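The structure's right below; bear with me while I get my questions together.
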Amino acid sequence: MKDIQNSVDTRNVAIKKVGIKDLQYPIKVLDRSSFLQPTVANINMYVDLPHNYKGTHMSRFIEILNQYHGKITVDEIGEMLEKMQDHLECETAHLEMSFPYFITKKAPVSEAEGVMDYQCHFDASLTCKKFDLISQVAVPVTMLCPCSKEISEYGAHNQRSTVTVSIRSKELIWFEELIDIVEKHASSPVYSLLKRADEKAVTENAYDNAAFAEDVVRDIAVALNKDKRISWYRVETENMESIHNHNAYAMVESEE
Amino acid sequence: MKDIQNSVDTRNVAIKKVGIKDLQYPIKVLDRSSFLQPTVANINMYVDLPHNYKGTHMSRFIEILNQYHGKITVDEIGEMLEKMQDHLECETAHLEMSFPYFITKKAPVSEAEGVMDYQCHFDASLTCKKFDLISQVAVPVTMLCPCSKEISEYGAHNQRSTVTVSIRSKELIWFEELIDIVEKHASSPVYSLLKRADEKAVTENAYDNAAFAEDVVRDIAVALNKDKRISWYRVETENMESIHNHNAYAMVESEE
Amino acid sequence: MKDIQNSVDTRNVAIKKVGIKDLQYPIKVLDRSSFLQPTVANINMYVDLPHNYKGTHMSRFIEILNQYHGKITVDEIGEMLEKMQDHLECETAHLEMSFPYFITKKAPVSEAEGVMDYQCHFDASLTCKKFDLISQVAVPVTMLCPCSKEISEYGAHNQRSTVTVSIRSKELIWFEELIDIVEKHASSPVYSLLKRADEKAVTENAYDNAAFAEDVVRDIAVALNKDKRISWYRVETENMESIHNHNAYAMVESEE
Amino acid sequence: MKDIQNSVDTRNVAIKKVGIKDLQYPIKVLDRSSFLQPTVANINMYVDLPHNYKGTHMSRFIEILNQYHGKITVDEIGEMLEKMQDHLECETAHLEMSFPYFITKKAPVSEAEGVMDYQCHFDASLTCKKFDLISQVAVPVTMLCPCSKEISEYGAHNQRSTVTVSIRSKELIWFEELIDIVEKHASSPVYSLLKRADEKAVTENAYDNAAFAEDVVRDIAVALNKDKRISWYRVETENMESIHNHNAYAMVESEE
C-alpha cells in the first residue's frame, strides 16, 4: 500500500508540532514513599516535521506508548522521547501527561487519615540531545482575605483556591515537596476528612493566616528562590472568591 | 434524490428522542425591566419517532430555529414546539436552551452598580396538545458554615455555592423573582463589584447568616411552597467547600 | 463541642439527597479477564434526611469511603450503601462513581494491540432493603451516514460518535459485553492503534455499514431486548457530525 | 477603613500578572457587514505589580469594565488598557476576551441560510506605550484523510476538526477573512443547515479535497505568508478522528 505520508513536500513550511492529543492512558507514578501509584493520564505526544516531509506516522506514537504500558513513570520519559526521535525521525519530540496524584494526609488534630487528590502535569521535550522537563502540581488550599478580615468586625471571606507550581529542576523534586511548600504558605491546607476538632483548627488557622492571592504566590516564590535545585519556576493562584462569581488570579515567574 | 429517512422501519422500536444537540445560537430573553436582552444559548431540539419510520429530518430542526433568528424569547417556545410537531410529524417535541442572563445589581452599601451573570435553562416539551415548561436558574451565593462558626473562637469557613432552582408554574415567574428568593436565604448574595464598605457588609452579613447546604434548600422550599403560581420545584445547592477539594450537595423536591 | 447538625428541625421539609459531590478517588474495577484494574473515579455520595433533622454529617461519607480505600469494586457497593444507612441514619443511600475503564483490543487485520478507554458509571442506591444499580458505559464508535452515502457519487460523511448504554440487570453483565454489542451495531468500532491495513479495513467496513443515529440505538435495543438478564435499558448516541458544528442525538428506552 | 493593599511589600518579588479571571460579560463585536453583534465574553484582566506594592485593587478592574458596559468592541480595547494602567498604576495591562461569533452562511447548492458559530479570542496588552494584540478564531471544518482514501477501495474516514488561527497584524483583519482562508484549505467547510443537495456537494467536495492535519496548517500558513498585513501567526488543527478515541494535532508558527 502506498505510504502517502512519506511523499516529498514542496510548500517549504516546517511543522513545529504534529502528533496525537487527548489520549486517556493508565500510568504509574512513583511517590515519595517509593510506592508506584496507579493513575490515569491524559497524554499528548508531538514531534516536529521538516519542511520536506509530507506527513508523520500517527500509529507510531501509539506503538511507542504501548511499549511502556503498565510501566510509565517519570524515569521512562527520557527514553520514550528518544524512541520518538528514532522512529519518527524528528529533531524535537514532546510528551505531555496530566494525571491526578493521591496522597494520604492526616487531619491536623484528630490525625484521621484521608486521601487528597492533586492534579499533576509533566511537559517534557527532547531537542537533539537536549532534554527539558517542566513538572507541575496544582494544590487546592484555603485562602482567607486580609482586607475582609481587617475591615470587618467579625468573620472574613475565604474560599477554595488552586495554587499551581511549575518548575524546571537540576535533580528530582517530589510533588510532595512542592505541595508542602504551597500548603505552608496558604491560609490553610485543605483535607478530604475533617472531624469537628479539625474543622475548628482549620477555621482558626485560616483566620490567623490571612493572605492575598499576591501574598501566597510571593511567599512561595521566596521559598523556591532558596532551593538551589530549582532552575526556573512559575507560581499561579486562582481563588474562587466566595463573594464574587469570578476568580482572583496572581502569577509570579522566575527570571529565565 | 432518494429520501432514506422516509423508508419504513420494521424493527418495532420507537425512538423517544432524536434531533440536534449542542448548537450555539444567539437569542433574546425578556427581562423584568421589559428589556429584550441579547445572549447566547446552547440549544437541543428533539422529537419522538414512531417505530415504523426509519429516520427524522435533521435539517428541519435548523430551519425552524432559523425562522426565529433574532427573536427567540420564552413567548415563542410554544409556537416553535408546534412547528416541530407539524414539520417533523411527531407526537412529542422537546426544546432545551441554556444561556447566561445578566442583571445589573447594586452593591449593598456604596450602591455601585455591577453586572452579574446567572446561568439559566428552559426545558420545554409539547406532547400532543400538552405543554410543559421547566424554568431553571443557577444563582451563585456565599454560604458560611454554622458548624465552623459555632465551634471556632473566630472566623468560619465560607465559599461560593451555586443554588439551582427549577420550577413548573401556572403563570410566568421572572428569573429575577427566583434569584431574589435564593439570595435572601443564602448567607449572602455575591456581587461583581464591591467597594471596601460593601466588602465589610457582605463579610459581616454572611457571618450573621450562617447556613448549611441543608438550610438554604429548605428555606427556599418553604418560600416556594407559599407561592401558589408554582406547581412543582426542585432546589439544589452545590457548595465549593473552602476546606475540602470536594463539594457539599443538598436537594429538595416538591411532591408531584 | 456542640453538634449543630443533630439539632431538631421544624421547617417540615425532608431532604431528598444530601452529601458529597465531585470527589476524586482511586478505585479498582474487576474486568472480565478477572484482573482488578486500577483507575480513578469521580464520586458522589448522598443520603436522604428526614424533615426533623437539621443536618447530615459530611465527614462520615469520607470515613466510609476510606474503609474501602484500595479495594472498591462493584462487589463492595451494596455493603458501602448499608454502612451509609447505618452511620448516617437514612432511609435511602446513593453512591455514584464515574471512571475510565481500559481494554486491550486487537486491530482488525494486523492484530496489533492497543489500549482503548471507555467512560463507565455506576449509579447505585439502597432504599430500606431495596438495592438498585444502573451500570453505564460510553462507547466511542465510527458512524457513517446512509443518506450521504446514498446521494453522493463517492464518499460519505462519517464521524466519531459516543453510544451510551445504561442498564439494570438481574445478574452481573460485564462492561465488555455491552461494549461488544455497541461495537457490533455501529458502522465500525474505533481503535487506539491502526496500521495501514487496519485503516483500510476500518474505512471499508464503516462504508459497508452505514447507519443513522436512529439505527444504531434501535439495533442495540433489539439486541438488549433478547437478553433476559436485562430488566431495563436506555441507549443514547451523540454523533459529532463531521459536516456540522452541532451533534446528532438519538435515544431509546425500554418500558419500565 | 485601612487600605492593606497599599502597604509596602519587602519580599522583593514583582508580580507578573494579578487581576480577575473567568468573568462572564455581555459585549458587542463589530462584524464585516458593519453590524454590532451582541455576544457574551469570558473575560480576564490582569496588571503587573511592582515588588514594593502589597496588593492590587480588584474592584477597579470591574469599574473600568463597567464604564464600557454595552459598548465593548475591539476599538475600545486600547483605551481600556490605558485606563487599567492609570487606575491600577501598572506598567503592563492585559485584557483577554473569549466569545462566540456568529455568521450567516449560505449552503453551497440550495443557498439556504444558516447561522454558524465561531469561537473567537482577543489577547491584548499594553506595556508602557507598546500595544500588542493577538486575534484568534477557531473554525470548525471537515477533514478527510488522504491515506484512508488512497488505500481503501471506497470511502475515506473524515471528521469534524477545529482549525485555530492566531495572528498579530499591522491593520485590522476581519474574523471573516481568517475564516475564509481556513474554510478554503480544509477538505470542506461545515454548515448549520444543509439540504440533501448540499449534503451531496459537501460529501463529494470533502472526498475531492482530502488533506492531512499537516496539509491544512501548511496551506493556511502559505496563504498567511502572502498577506503583508500579518506580522505573526500560529495555525493549529485538532481533528476528532472518526476512527480513534483520540485526536490528531498539527501546528505551524511563523518566525517572530
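Letters are used for the chains, namely A, B, C and D, taken in the order the chains are written, and counting of residues starts over at 1 for each.
Everything that follows uses one rule, which is that a residue touches a chain if its C-beta (ideal position, glycine included) is under 8 Å from a C-beta of that chain, and two chains touch if they have at least 3 such contacts.
Predicted, not measured: the structure shown is a model, and the values here were computed from it.
Engineer: For the pairs C-D and B-D, output the one whose chains share more C-beta pairs in contact.
Structural biologist: C-D
Engineer: Tell me, please, which of C-D, B-C or A-C gives a repeat of the A-B interface, judged by over half of the contact pairs matching in residue number.
Structural biologist: Most of the A-B contacts reappear at C-D.
Engineer: Once you find the CA centre of chain B and the CA centre of chain D, what distance in Å lies between them?
Structural biologist: 28
Engineer: On a C-alpha centroid basis, what's the spacing between chain A and chain D, in Å?
Structural biologist: About 25 Å separates the centre of chain A from that of chain D.
Engineer: Averaging only over C-alpha atoms, locate the centres of chain C and chain D and give their separation in whole Å.
Structural biologist: 34
Engineer: At least two partner chains per residue is the criterion; list those residues in chain D.
Structural biologist: 1, 23-24, 117, 147, 151, 192, 194, 196, 200, 245-246 - these are the residues of chain D that touch more than one other chain.
Engineer: Can you check the complex and tell me which residues of chain C touch chain A?
Structural biologist: Going through chain C, the ones touching chain A are 1, 3, 23-26, 37-40, 59, 62-63, 66, 69, 100, 102, 112-115, 117, 192-197, 200.
Engineer: Touching chain B in the complex: which residues of chain A?
Structural biologist: Touching chain B from chain A are residues 116-117, 140, 142, 144, 147-148, 151-160, 188, 190-192, 194, 196, 199-200, 202-204, 206-207, 240-246.
Engineer: Show which residues of chain A lie in contact with chain D when the two form their complex.
Structural biologist: Residues 1-2, 4-5, 9, 11, 13-24, 44, 46, 49, 54-56, 58, 146-147, 150-151, 212-215, 217-219, 221-222, 238, 245-253 of chain A touch chain D in their complex.
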